[in-house]
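Chain lettering (A, B, C and D) follows the sequence in which the chains are written, and residue indices restart at 1 in each chain.
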Amino acid sequence: MRRTLDIVDTRPPDLDDKPREECGVVAITGVEGAAELAFLGLYALQHRGQEAGGMVAVDDDGVARVHKGLGLVADVFDAESLKRLEGSTALGHVRYSTAGGGGARNAQPIVVRYAEGDLAVAHNGNLTNAHDLRNWLVREGSIFQGTNDSEVVVHLVARSRHETVDLQIDDALTHLEGAFSMVISVGQTLYAVRDRRGFRPLVLGRVEGGHVVASETCALDILGAEYIRDIEPGEVLKIEGDKVENLRPLPPAKKASPCIFELVYFARPDSRLWGVSVDRARRAFGRQLAREHHVEADCVIAVPDSANSAALGYAEESGIPYELGLLRNHYVGRTFIKPSQADRDFGARIKYNPVREVMEGQRVVVVDDSLVRGTTSRSLVKFMKEAGAKEVHFRIASPPVKSPCFYGIDMPSRSELIGSTRSVEEIAEELGVDSLGYLSLEGMQGAVEDAGPFCNACFSGDYPAPLIDVEKGYVPGNVGPSC
Amino acid sequence: MRRTLDIVDTRPPDLDDKPREECGVVAITGVEGAAELAFLGLYALQHRGQEAGGMVAVDDDGVARVHKGLGLVADVFDAESLKRLEGSTALGHVRYSTAGGGGARNAQPIVVRYAEGDLAVAHNGNLTNAHDLRNWLVREGSIFQGTNDSEVVVHLVARSRHETVDLQIDDALTHLEGAFSMVISVGQTLYAVRDRRGFRPLVLGRVEGGHVVASETCALDILGAEYIRDIEPGEVLKIEGDKVENLRPLPPAKKASPCIFELVYFARPDSRLWGVSVDRARRAFGRQLAREHHVEADCVIAVPDSANSAALGYAEESGIPYELGLLRNHYVGRTFIKPSQADRDFGARIKYNPVREVMEGQRVVVVDDSLVRGTTSRSLVKFMKEAGAKEVHFRIASPPVKSPCFYGIDMPSRSELIGSTRSVEEIAEELGVDSLGYLSLEGMQGAVEDAGPFCNACFSGDYPAPLIDVEKGYVPGNVGPSC
Amino acid sequence: MRRTLDIVDTRPPDLDDKPREECGVVAITGVEGAAELAFLGLYALQHRGQEAGGMVAVDDDGVARVHKGLGLVADVFDAESLKRLEGSTALGHVRYSTAGGGGARNAQPIVVRYAEGDLAVAHNGNLTNAHDLRNWLVREGSIFQGTNDSEVVVHLVARSRHETVDLQIDDALTHLEGAFSMVISVGQTLYAVRDRRGFRPLVLGRVEGGHVVASETCALDILGAEYIRDIEPGEVLKIEGDKVENLRPLPPAKKASPCIFELVYFARPDSRLWGVSVDRARRAFGRQLAREHHVEADCVIAVPDSANSAALGYAEESGIPYELGLLRNHYVGRTFIKPSQADRDFGARIKYNPVREVMEGQRVVVVDDSLVRGTTSRSLVKFMKEAGAKEVHFRIASPPVKSPCFYGIDMPSRSELIGSTRSVEEIAEELGVDSLGYLSLEGMQGAVEDAGPFCNACFSGDYPAPLIDVEKGYVPGNVGPSC
Amino acid sequence: MRRTLDIVDTRPPDLDDKPREECGVVAITGVEGAAELAFLGLYALQHRGQEAGGMVAVDDDGVARVHKGLGLVADVFDAESLKRLEGSTALGHVRYSTAGGGGARNAQPIVVRYAEGDLAVAHNGNLTNAHDLRNWLVREGSIFQGTNDSEVVVHLVARSRHETVDLQIDDALTHLEGAFSMVISVGQTLYAVRDRRGFRPLVLGRVEGGHVVASETCALDILGAEYIRDIEPGEVLKIEGDKVENLRPLPPAKKASPCIFELVYFARPDSRLWGVSVDRARRAFGRQLAREHHVEADCVIAVPDSANSAALGYAEESGIPYELGLLRNHYVGRTFIKPSQADRDFGARIKYNPVREVMEGQRVVVVDDSLVRGTTSRSLVKFMKEAGAKEVHFRIASPPVKSPCFYGIDMPSRSELIGSTRSVEEIAEELGVDSLGYLSLEGMQGAVEDAGPFCNACFSGDYPAPLIDVEKGYVPGNVGPSC
C-alpha cells in the first residue's frame, strides 16, 4: 500500500461538525488573588472557547496586568504568569477564534490605559454594528490594533465627553447593537452588562469578600461561589468588592430573546441558565423527541457527550434500553495531524469508535443534539453499520439548522448547512439511515416554555436584533460572524 | 478574604485517584508511511500513558529515525516531525512516567545502532529483574544512558555472542523476568513478544500490505486494520511485511496470568481483550455488584467515564433508573496550577461537578470501578450531599486494592492504599457514605471466567512471577515500580 | 575557596561604560524585496542599538506587515520572517531600549491602520515634549499601547483634520520639539524628515529603481547604494520609488546643531557624517590630543575598537609607536551571567585582556574616546599595571562629559558622570594613572570646524532645543531620556 | 530592480574564509562553584568554537550534571543552568561542529555512568584511528549514541579490565592515535592529558584551592588564575584539588610537533603558547614578510582582527605607515540570512567595509594571516579598488595552505584550497592584486624557531602521526575530519 505523506496540521475543532460558541467570560472583584479564581472559572468555561485564553488583573494601585495566549486555559497559564497577575479584581476570557481572525492579536481581554486609568474589557456575543462603529471611529482619528468588537467598546469609552467613568460607560454601551454579555474594569471597579435582548447568559455570584460574574453557573461551582441571580437583559451593574449597584439600564427591547442553542448544545449540562437546568432541558427535548418520532428498536445510544441527556430522555420515554455504544476520544492536543489523502471519515474516526458488542445485529436509535453539515453523522452511521448494526435510526433533539447566527455563534455558511439545502428525506438518504427524525420547533419550545421566549433564529430565520453591518454590506449575509 | 498566592504547577494525573497504567505500544511494518499509522495507533492508546510519547521509523536502507517528547501524542508530533519519520516500519510508545523517572531521557522507543544495524525497542510492562540485569551489564563495561528497562534489553541483544539477529533476540529475551509485551525492530524486521505469563495485552492485526501489533484492539480500529488474534503468552513473532513467522517460544509458565485490572479500569471499553469485550466485562461486573450489594434507591449514577459501563450494569440488574449525575471536565492541559492552600477537595472539584437537579432529595447509588486512596471519592460524596442528595450509596465494581503491582501498574505504596489499611466499615465511615459495597473477588472472576485465569495480585497479594529485584533489595517491596 | 553561587543575568551593555546611542533607522522604497535590503542596512547600523530590532514592509496593496523582536538583527529575523515581509517599501529600526522601557511593546517601527491606510514610523532621536503631547492626546481620547515617542507621532497624524496625507504629516511634525530623524510610510509612499536643528544624522541614497534613507552611510555601502546627500535640518522629503519631492520644510532654527558625540563615539569609522569622514575626524582628535597633552612614553595603545583611530592619530603626531596592547572579546551573547560576588573589575575583565608582552616594563599611553563613569577605565589601568606597565598615561579624545543628553543619547545621571563631579586631578587619582589628559572643547571643535557648528551640550551644558518635558516636570532634569 | 526572495539561513562561519578550529577545553577542580569559573574560561576560549558549548560539573557525592547547547557560550548558559551545575569539579567545551556532524547529540563533554562512577570527557583534537576503534568496539557489543571521537574514549575506559581508574584510563589512552588534548573526570578527580606529539595546546594553572587546565592562557587570565606551565606532550596528570600527580606518560614520539597554525591564526594574541607570545610571533611573521616581500606603498592595513599584529610588524619593518582601512562588523547572530541570488562578494560585504578616505588614490599593502579558498580576499581587493585604492599589494603572513589537516582543524578539501591548485602568479591574477607575496615556510619557522619544531603539515604535506582511518579507507584522504 502506498500512502502519500502530504500531511497537514489541523486545529482540533475542525474534526468536529458542531457550531462554535464563541466565548466565555468571568470576572472577580473584592478577593485578593482574584486571578487565581478567574483561572478556575475559565477552566470551567473551557467548552465555550478552546483556541485562546486571557486574563487581566488589577492591583491596589489600579495597575492592570494582562496575560493571553493561544491554547487551552491550563496551557496558557502557569504558576509564574499567574503570580504576576496581582490584585483583587480580575477578568478572564476564553474564545474560539475564527479562521481569519488570527491569533493573539485578537485575544481578550483587551486592556488599555486611558485618561481615567487602566480599562479592560472581556466580551461574549457579537455586535451587529461593529464595522459601522469602527468606520466612524477611524474617520475621527482613532487607531485600532486588532479587529475584534471589544476594541470598539474601548474607544467609545475613551472618547466619551462625559465626566465620570459611569457615564462614559453608559455613553459607550448605548451605541452598541446586537449581542453582548460583557465585563469591564476601570481600575478595580467592575462593570457587568447584558444587552437588552439578553442573547448570551451572564450570572452573578458571591464569594467571600466579593463577587463573581460568569457566563455559566458551572464557573461559580468550581469556585465554591454562591449563585445570586442571572443578570437581566439590559441590566448594567457596577460592582466594588462586596457592593453591587444598579446603573441606568439600557433601553428596553420589545421582548427578551436568550439563545435557545445554549440549551441545545453549548452550555454545560451541570449549568442552570435562565432558570432552567441544562440537563433537565435536554432530557425534556429527548422525551419530546421520542413522542414525535417513535420507532421499534433494541437500544438507544447517544453521540457522546453532548447528546447524553437527550438520549437518556428518549430511552426513558420510549422504554427502549439505553446503551453506551460509541466511545469518544478526549485526548485532543493543540493541533492534529491529518493526512491530506485521508478518507472523508477521518475526522469522525479519530474521535469516535463504536462498541461492536452493542451494535451487532441490533436495531439502534442514535440521538444527537443537532445537525449542522451532517458530515460526522454520515461517518458515524457508516461505522455503526460496519460494526454490525442491523438498523440505524437517527434522532436529532432540535429542529433543522437553516440560518446563520449573527449573535455570537460561528456557523458555516448557509450553503453548507444541510438543513438549509435539503429536505429531511434527502438528509436521511445522505446519512444512509433507516429513519431520521428532528424535534419540531414547537416541540422544542414547548419543552422549555417556562424559561422562554427565546431567540431561535438559526432554526427559524427570525432575527430579533437588527443586522446593521449586514444591511450596510460590511459582512456577508449568509455567514454569521463570530465574537 | 485573603488568599495566599503560593501556587504550584501540578501534572494533571495527580488530580486523579487512579492507579496508572504504564504504557501502550504499537508497531507497523510493510506499509509505506508507517509512522502516520503508528501515530494514529498511539492516539487511540493515549489512555495508557499521557506523559510522553515517541516513535521510531525505519526506512528502506534500514536507517532508524526517532522523535520523542513530553506531552500528549497530538502535541508531541507535528507534520514536520512526522514527515521526517520515513519508512515502512514504525514503532510507537506512550508512557506514564513516574515522578523520579524524569523526562525525555527515559522516553521510548529506545533506538541504538549496533553491529547488525539500527535496533529499536518499545515495551509495556515491568521487568522484575531489571536492576539485577543492569548491575551485571555495567560490571561488564556497558554504558547506560537512562534508567528504563528497555535499555537492558538493548544491551542484552548487542552483547549476545549469537550470530543471527533472531538468536540474539532469543538470547536476550530468555534473561528477562516479569511482565513484557514488547515490539522490537532490527532494520525493517519487526519482532513482537509477550512474556510467558502474558501479563499485558498485545494483539496482531493486518493492514493492506503489512501488519500491525498493538496493545489494544482500539488501535486497530482507528487504522481500519483487521484483528487477527491475540499474541499468546510466551510467543515470539518475526514479522517482515506481510509475512509472519513464529520463532522459538519462551519457556512456558505453569499458567497464564493476564492482568484483570485491564478489564476493571485500564483498557478502553471499545477494546476486546483476551477474548472478551471490555464494555461487556464491566457490565457483568456491574450486574454482579447489584446482586451482591442491593439497596433501595432512586437512581444509579457513574463516576464518569471509567465506571459508565458498570453503573449501567448495576441499573439494569437492580431496576433502578440510570442518571447522568456527575459532569467530568475533559479539558486537561499539560500541567495544572494548584494553589498550595487549596482545600483537599480541590483535585476532585476541578474535575467533577454534580448535576444538582439529579441529586436533590434523592437516594443515589454511585458506582466507581475501583478505589485506591479514596481521596477523590470522599470529595465526590461531599459534593453530592452538598448538592442535595438524601442518601449516597457507594458501590465499587472490583474488590479492595490491597497490594502493589510489580508487573507494570504504578500504584501508591501499601500504606496509602485505603483497602490495605482499613476495613470496609472504616472506609464507609471515612467516605461519609450511607452504605458501601465492593464486588467480591469470586464475583469478579466469575463474571469473566471464560477469559481467565488472571493475575489478581493487587487484590489478593498472590504474585505469579518472582520479584527478583525486590528480593535482592534493589527496589522497595511495598511499592510497585512502573514500566 | 568558597564562592557564592548567587548568579544574575546581565544584559551585555552593562558590562560597558559608554553612553548609549539610541537608535538607527533605514528605509527603502521602489525596490522589490525591500525588506531584504532593509535587513542588511540594519545589520550595518547594529552599533546604534543592540537590544531590539524591527521592520515593516508594505506590499503593492498598501498592506503593511511587521516583525520585531529583542536581540541582534541577525537573531530577530530569519528566512521565514523575511519572506513574510513582502513589498517594495520597507522601514527598519534598531534600538537600545532603556531599563524600564521594557521590551517588545516599545520596539519600532510602529505600524497602525488609520483612515488613509497603513501608517508606519521609525524614529531616531528624542522628543523633548513627548510627555506633554501625550497628555494632551490622552485627554482627547487617544489610546496608547506603549510609551515611546513615535506613538505620539502616529496619533498626531491620525487625528489631523487635514485632507491629504502630506498635510496631515506636516501638521503632526510641527507639534514636535527636540531631536528626530524619522522615516514614515503611508502605503508605499515614504517620508523622511530631520528636525530643524539636525541633531541626528540622516542620509539619502540611490539604489536601482528606488531610494534608501539611513542613519549612516555605512548602511548605503552594504547595499551597494550610491550616496546622494545628507538630508538637511528641517527638510521633509516625500519619496515614491525613484521620485523625490521636497515638501514644505519645518520652521528654521537659528542654527543647526548636529551632535558632535556621533563623531566622538557613536558613528562607525567608515561612515561619513555632515561632510566629514568619521575615521578622519577621530584621527584629527587624536593628533590634537597629542599636541595638547604630550608625554614621554614607549608606546601608544587604544582601548579597542572605538578609540583605534584616535590612538593612531596620537601616535602619528607624537612619534611614539602604536601597539596592540588590549584584546577585546567580541563574543557577546544576549545576556551574560555575572556572579553577584564578582569584584568590581569583572565587567572589564570579561571584555578586555592586556597583552603582557606589550606592557612589561613599558611607559604606555592609552587612548580612549570618552570617559563617562570611569569604572571600566579604572579596571583597565589596574590590569595594565598588573601586566607589568611601568607608567600608564591616560588620554581622552574628547572633553569631560558633564551633562546629560536630552536629544537621544542615554547617559547616566549627572551624579554618576565622573566628569561632572570631579576635577581632572581627582579623576587621575581615582583611575590610578601616572597622568591624565582630556582633549579641550576648543581643540575638539577646531579639529572638525569645517563640519560645524555642533551641539556639544553633554560637554558644555548648553542645550540648543528647549527641554519642555523637563521644564514641566514630566521627566527628571539630571537624566536624559532615551529615544 | 527585481530581486528574488529566495532566502536561505546561513551559519555565520560560512561568511568567512578561514579554516576552523575545532574545539577548546577548560577544567577546574578544587573550587566550590567550579562551573562558574569554567563558564568564564569557555567565554575566553569562544574563538576556538562558536557552534556549541557544554559543561559538566561533579558534586561532592560524585554525581555529574551536564548542560549543553548550540550557540555561543553566553547564550547556552543562563543563571538557572549554571546554578544546577553544582560541585567543585567542572569540565567545559566549545566546538565548531561540522556540517553533517549535527547538533547537540555530538556536543561535549560526554558524560556517562560506568562501573566506577560518573565519567566525563572533553577533547580538543582529532583521533586518526577513531573509526577503527569504534568498529572494533561495536563488534564487541558496545552501543554508541553519537559519532564523536570522545565516545570511543569513554567506551575504552568502561571496558578496561584493569582494577583502578588510573589504570583504566592509561589502558584507554594507549589505544588512541592522532591529536588529543583532553580532560577527563571520574567523580571529582580530574585527569589531563596531551598526546605524545602535542599537536594541540593545554596549559596548567593554579586558582585558590585548586587547579585549572585550559587550551590557552587567556582562559587563565579571565579567572585571575596563575599560569604554572604547559602540559607536556605525552604527559598524563591526575589532579585532586590542590594536588597534582604525574601518572605514567604515554609512549614518547620521535619529536614533538605542536601545530604552527595556532600561532598563525587560531590562538588569541594575548595567549602565550609553547613559550612564545602569540602577538609577538605574529609581529615576527609580519617583519619577516616585509623583508621577503618589500614594495613601495603609502600605507599598510590589516584584514582585521586576525592579521592586526602581522600588519603592524610589516609596517614596523618596512617603515610604511599603518592605517585602519577596513572595518569589521562584529554583530554576528546565530544564523545569517543570505539571498540566494546574492553576488559572490556578499559574504565579504556584510563583514568588511573599506574606509574610503584611507584608500583614495593610495598604494595599499594589505596583510592577511593566511589564504584558504581566497574567496573573501578577492572580494576585499575589489572593495578596496572601488573605494579608490590606486594599487593593492596583498601579503600573507604564512605559506600557501596546500594540504588538509587530520589533527583537529577543519579545512576545505584539497581541490578547494587555492594554494594547492594554483601557482602564486595565478592566485595574484585571480585576486586582482598588483602584487602578492606569501611568507616562506623557512621564514615562518625561523621567526619562531625557539618554540619549535612544529607540525606544518597543512603547508608541507608532511604528516607526523599516522593516518590510520584514511589508510583503511574510513575517511577520505583529501579532507581533514574535524574534532
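Basically, a residue touches a chain if its C-beta (ideal position, glycine included) is under 8 Å from a C-beta of that chain, and two chains touch if they have at least 3 such contacts.
Which protein is which chain? UniProt says A, B, C, D = Amidophosphoribosyltransferase.
Everything quoted here is computed from the prediction, not taken from an experiment.
Chains that count as touching both subunit A and subunit B, per the definition above, do not exist in this structure. Compared with subunit B, the chain whose C-alpha mean position is the greatest distance off is C. Each chain gets a centre from the mean of its Cα atoms; for subunit B and subunit D, those two points are 52 Å apart.
With centres defined as mean CA coordinates, subunit D is found 35 Å away from subunit C.
The distance from the centre of subunit A to the centre of subunit D, with each centre set as the mean of the Cα atoms, comes to 62 Å. Distance between chain centres (mean CA atoms), subunit B to subunit C: 62 Å. Looking at subunit D, one finds that none of its residues touch two or more other chains.
All chain pairs that count as touching, in label order, are A-B, A-C, B-D, C-D. The residues of subunit D lying in touch with subunit C in their complex are 1-5, 7-9, 12, 31-33, 36-37, 39-40, 43-44, 46-47, 50, 71-75, 77-79, 82-83, 86, 207-210, 218, 221-222, 224, 268-270, 272, 277, 279-280, 308-309, 312, 316, 321-324, 327, 329-337, 339, 349-350, 353-358. On subunit A, the positions that touch subunit C within their shared complex are 112-115, 138-139, 141-145, 154-155, 158-160.
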